[in-house]
Amino acid sequence: MKKLINDPRAVVSESLQGLAAAHSDVVTVHTDPDFIVRAGGPRQGKVALVSGGGSGHEPLHGGFVGEGMLDAAVPGPVFTSPTPDPIVAATLAVDGGAGVLHIVKNYTGDVLNFETAAELAEVEGVTVRSVVIDDDVAVKDSLYTAGRRGVAGTVLVEKIAGAAAERGDDLDAVAAIATRVNAQARSMGVALTPSTVPHAGEPSFTLADDEVEIGIGIHGEPGRERIPLEPADAIVDRLLAPILEDLPFEGGDRVLLFVNGMGGTPQVELYIVFRRAAEALRERGIEVARSLVGNYVTSLEMQGVSITLLKLDDEFVELWDAPVNTIALRWGR
Amino acid sequence: MKKLINDPRAVVSESLQGLAAAHSDVVTVHTDPDFIVRAGGPRQGKVALVSGGGSGHEPLHGGFVGEGMLDAAVPGPVFTSPTPDPIVAATLAVDGGAGVLHIVKNYTGDVLNFETAAELAEVEGVTVRSVVIDDDVAVKDSLYTAGRRGVAGTVLVEKIAGAAAERGDDLDAVAAIATRVNAQARSMGVALTPSTVPHAGEPSFTLADDEVEIGIGIHGEPGRERIPLEPADAIVDRLLAPILEDLPFEGGDRVLLFVNGMGGTPQVELYIVFRRAAEALRERGIEVARSLVGNYVTSLEMQGVSITLLKLDDEFVELWDAPVNTIALRWGR
Amino acid sequence: MGLDSGWALAWVRESARVIAEHRAELIALDREIGDGDHGENMDRGFTAVLAKLDGVEPGTPGDVLKLVATTLISTVGGASGPLFGTAYLKAAGAVTGAEELDGAALVALLTAARDGIVLRGKAETGDKTMIDAWSPAVDAAAAAQADGASEAAVLEAAAAAAESGAEATEPLVARKGRASYLGERAIGHRDPGAQSSALLLRAAAQTAAEAAS
Amino acid sequence: MGLDSGWALAWVRESARVIAEHRAELIALDREIGDGDHGENMDRGFTAVLAKLDGVEPGTPGDVLKLVATTLISTVGGASGPLFGTAYLKAAGAVTGAEELDGAALVALLTAARDGIVLRGKAETGDKTMIDAWSPAVDAAAAAQADGASEAAVLEAAAAAAESGAEATEPLVARKGRASYLGERAIGHRDPGAQSSALLLRAAAQTAAEAAS
C-alpha cells in the first residue's frame, strides 16, 4: 500500500485538519465529534441540509458545504458510516429553527446510523426529515436486496435541494425536491482498478490487467460483472444502456449529464467518456442541457468513472444554476 | 495499460471534443490546429494570455481559459509541446490589439516551439512577449542543464497575470507581473507511482512497492532521488526544505501554499500533506495567507503531489482574489 | 449459582481480545463481499469498550451490557454498529436488575439480542447476515436450557450453533447488507458479521466455562 | 555524377520507414532518460512527410529537404521538432538550386544541418544530445570528401561516425534537454535524439549506395 499518510487510523482526522487549515474562509471543522459546517454558523429561518457517510469519497460531502448547498457534512471513518453522535451534533449545530434535512446514501450502515441520529435530534427538539438516495442502477432494486445504492447522484441532490433551501423553501418542500431529484437521477459506474482502504492495507478486490468491473459501488465493493477491457466508447454505451432504460430517458428529454471520476482517472479520460455519452444522447434525441465533469464522488484512488443522468425540468435548471460557494463547486451570482 | 480511451492517438482530440461539449458556456474549442479560447472571442484593448504545452497535465492549461485568467490554451500531444502552427493560430485568434503574453514552461521543446511561434506571430503584426516559468527546485539551475522546469507554479502565474490583464495593465506590465510571480514561486514534487503515456503503452518508470521518487517532473521524467516510502509528514518536510532555502522564505513572510495532486492521489492525502506543510510553515513564522489544494497540474494518473510556495505581496493578494471564471478555477465578484 | 457481573466483564474483555486477534480475518471476509472494514469497525468499537471499562463500577451484568451497547453505537458506525449496539441494548433490557443470570436469563438475553438485530435490520434467517449466527444460537441455547443444562453449557450450545450458522452462510446469496449487491457472486464466502457474532458467543461460552471451574 | 532529387526522395522514404521500424526502440530510450515520446514524435513527423510527398513534384534535393523541414516543424513538436526542422531547413539552404549533389555539397549540407541544430539548441559536443551524432558525422564526411571519396562513401563515413557518436553518448551526463534533469542517473543510457539522427544518416548512406549501384 502506497499512500501519503502517517498513521492509517489518523487519515480522516489529519485530513480534516488540513481541510480546516486550507479553507477556513468557507468551512469550520469541528473535531471530536468530527463534522464540518459553513463558516459563519447557522442561518436563522433557513432549512439546514446535513449529509455524511464514510470518508474516502471526497470532495463528497465536506467539499459541498457552503452557501447554496450543504450546511454540514459528517465524515465517518474511511468507507464506514459515521455513528449517530456526530450526526446529532452536526444537526443541532446547523438548525436555524426551520428544521434539518438529512441526505442519506442508501447503505444499511448509513441508513441505520442516520435513523438513530434523527430520533435523538428530534428528542432535542429539532425537526428532521430524511431523504435516502438510491440512484445506482447497477443494483437490482427488489425486496430481496438492501436496495439500490446512493452514488454520484447525491451531488445533484445536494446542489438542487441546497438551492431550494437557500431561496427559502420550507422543510417539506426541500425534502420533496430532494426526493424528486433522486427519483429523476440514474447512475452507473465502472472500475479499472480497485482502491485500498488505509487501515485494510490491501486492495478491496483484484482485477487482471485486461479486466474492468462494471457496476462498481463507491466503497470498493465489487460490481455487477467483470468483463475484458474495451474501448472507452463501448464501455460508455454499456453504462448508458441500463441508465436510459431504467427511468426511462427518452427523445425530447432535457438532461444534466454528469461524468464523475472515481479518483484516479485522468481528466483526459473523463472528457473522452463525456464525448461519447453526449454523442449517444444526441443520437437518441436527448438534449444535454447542463453538464458536470470531474472527481466529485470518489472511491479513494480508484481508476474508473460513473455516469449520472438527471432528467431536468425548469425548476431543476433554475436551482442548478443558482449560486453555490463551496470548496468543490462554485459559481453564480 | 488500462485506460478509458479509444485509439491512443486520438486521446487529445477526443478529449477536446468532450471538453467542448461539456463547457461551451466557458470555452470554444478550435480543431486542426487544436486550441481553446474563451467563449465570446477576443476582448479589444485587453492584453491576451496564451499558454500551452503537452497534454496530460489537465486541467492545465485548457481548464484555466476564461475571464480573469488565460485567453487561449494550446494543447500538444500527450507530454509533447505543440508545434508552432497552433500556437500562432491561437495567438492571432485572441489578440485584441494590446499584444499577447506567452506563458511557457521551461522545457526545451516548449521554449523552442513557442519561440518560433512568437516570431511568426510578430510577422503577422501581433506584439508578443514571453515569460518562461521555471519554479521547480528539484532541478539544479546551472549553465550545464536545460535549467529548472516549469511545474505547478504555472497556475499561479496564469491566475495573477490573468487578473492583471483583466484590470487593464499593458503588455509590459502584465509580462512584468508574470515574471515577478515566477521569481517568487518555488515548487517540488514527489511521485508514488508513474504514469503511462497512451501511445507508449508502458509506465515511464518503475518504482518498487516501497519506493517513492523525490523531485519528479510532470512528464513522468524520473526525479532527483529514489527513497523508501516514508510517512507523509517526513515526505512533506523533504519537499519543503529545498523550497524554503531556495528563495529563501523566512519568518514574517506571507505565502500562498499550493498543494497540487499529480492526478491519481485521493483528496484525503492532499489534505494530510497540506496539514503538515501549513504546520511546518507556522513553526517557522511564515503566514499561510492563501491556499490552493487539488489536482491542477497533473501527470495523467500519477500518484503523488507537489508543493508550491509563492511569496505574497499586497498586489499578488489582490490579483489572486480577483474574480476568475474558468472550468477549473472559479470565484469572485 | 448463575453468572454475575464478573463474568459479564470477563466476557467483554475476552470479546475485545478475540476481535482484535481476528481483526485481519474479519477484514478479509468483508473485503470479499463487502467493503473490507468489518474487522476494523469491531476492533475500534471493542477497543473503546475496554477503555470505558477502566473507570467503571461493575454493577449488574445488565449494566455492563448497556455500557457495551452505548459504546458500540457511538464508535463502530457502519451497519454493524447500530445492529450490535441494539443487540446489546435489548440484551441489557432483558436482564435489567438481575445480579446473577441463570440459564433462563441467558436465553432471554440472547433472544432479546437477536430480536433487536431483526428489529433494526429486518433480516430473516438465510439472508446471509449475522442473524444466521444469532438465530441458531438462540434456538440451541433454548433447547439446552430446556434440557436442564448449566449456564456454561447453555452458552456452549449457543456458541457451537453460531459457529455452524456462520459457516452455513457460505453457500448463500445475500439479501441484506452490502453483500446483497453481489447476487450470485456472494456464494462461497462467509458473512463477516455472522463470523464476528460467532466469535462473541464463543467468548461468552469460554468465559462462562472458566467462571464455573 | 552526384545525388539528385530521386535520391533525396529515396532518402526521405527510407527515413520514414526506418523511423517507423525503430519507433518502439526510440520510445524506450526516451523513457529511460526523457519522457518516452521521441519515437512517437519522429514517427508522427515522418508519416506526415510521406503523406506530403505524394502530391509533390520532385524538384531539386533542396526542395525535398525544405518540404521535410516545414513538415517536421509543423507536426513533430517537442524538442526534436524544431531542432530537426531547423536542421533540414538549413541543409536545404546550403544546397538551394543544385540539381545534383557532389561530395562537397553533401558536406555543406551536413554542416549546415548540424550548425542549425546548434543555433537553436545551443548544445555542445558531449552534452549528450543529437549533436553528439551530427558533429562526428560532419567531421567524418569532411575527411572522407577531402580524401576524394564518392558521394556514397562520404555518407557512409557520416553514418558510421553518427552511429559511434550515438553509442558514445551512453557514458555521458546530459547537459541539455530533459535528460539533464537526471544528473548522474543519465549515465548508461543512449540519447534518443542521437540514435534517431544516426538512423537518418544511415538511411542517407544506404540510399546513396543503392543509387550508385
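We just call them A, B, C and D in the order they show up, numbering each chain from 1.
By our rule, contacts are C-beta pairs under 8 Å (C-beta built on N, C-alpha and C of every residue); 3 or more make two chains touch, one makes a residue touch a chain.
These figures come from a predicted structure and were not determined experimentally.
J.: Name the chain whose C-alpha centroid is most distant from the C-alpha centroid of chain A.
T.: Of all the other chains, the one whose centre lies farthest from chain A is D.
J.: When the centre of a chain is set as the mean of its C-alpha atoms, what distance in Å lies between chain A and chain D?
T.: 55
J.: Approximately how many whole Å separate the CA-defined centres of chain C and chain D?
T.: Once rounded, the distance between the two centres reads 76 Å.
J.: If you average the Cα atoms of chain A and of chain C to get two centres, how far apart are those centres in Å?
T.: Whole-Å distance between the two chain centres: 33.
J.: Counting only residues that touch at least two other chains, what does the list for chain C look like?
T.: Not one residue in chain C touches at least two other chains.
J.: Taking each residue of chain B in turn, which ones touch at least two of the other chains?
T.: 78
J.: Assign the assembly's chain-to-chain touch graph to one of these shapes: line, ring, star, complete, other.
T.: Per interface graph, the chains form a line.
J.: All pairs of touching chains?
T.: A-B, A-C, B-D
J.: For the complex, which residues does chain A have touching chain B?
T.: By the definition above, chain A touches chain B via 2-7, 11-12, 14-19, 21-23, 55-56, 58-59, 63, 78, 190, 192-193, 195, 209-210, 212, 229, 231-233, 235, 257, 259, 263-275, 278-279, 288, 291, 293, 295, 298, 300-301, 303-305, 325, 330-331, 333.
J.: Any idea which chain B residues touch chain D in the complex?
T.: Counting only chain B, the residues touching chain D are 54, 76-85, 107-109, 112-113, 115-116, 138-140, 144-146, 149, 197, 199-200, 202, 204-205, 217, 219-224.
J.: For the complex, give me every residue of chain D touching chain B.
T.: Going by the criterion above, the answer is residues 27, 31, 34-37, 40-41, 44, 73-83, 120-121, 175-178, 180-183, 185.
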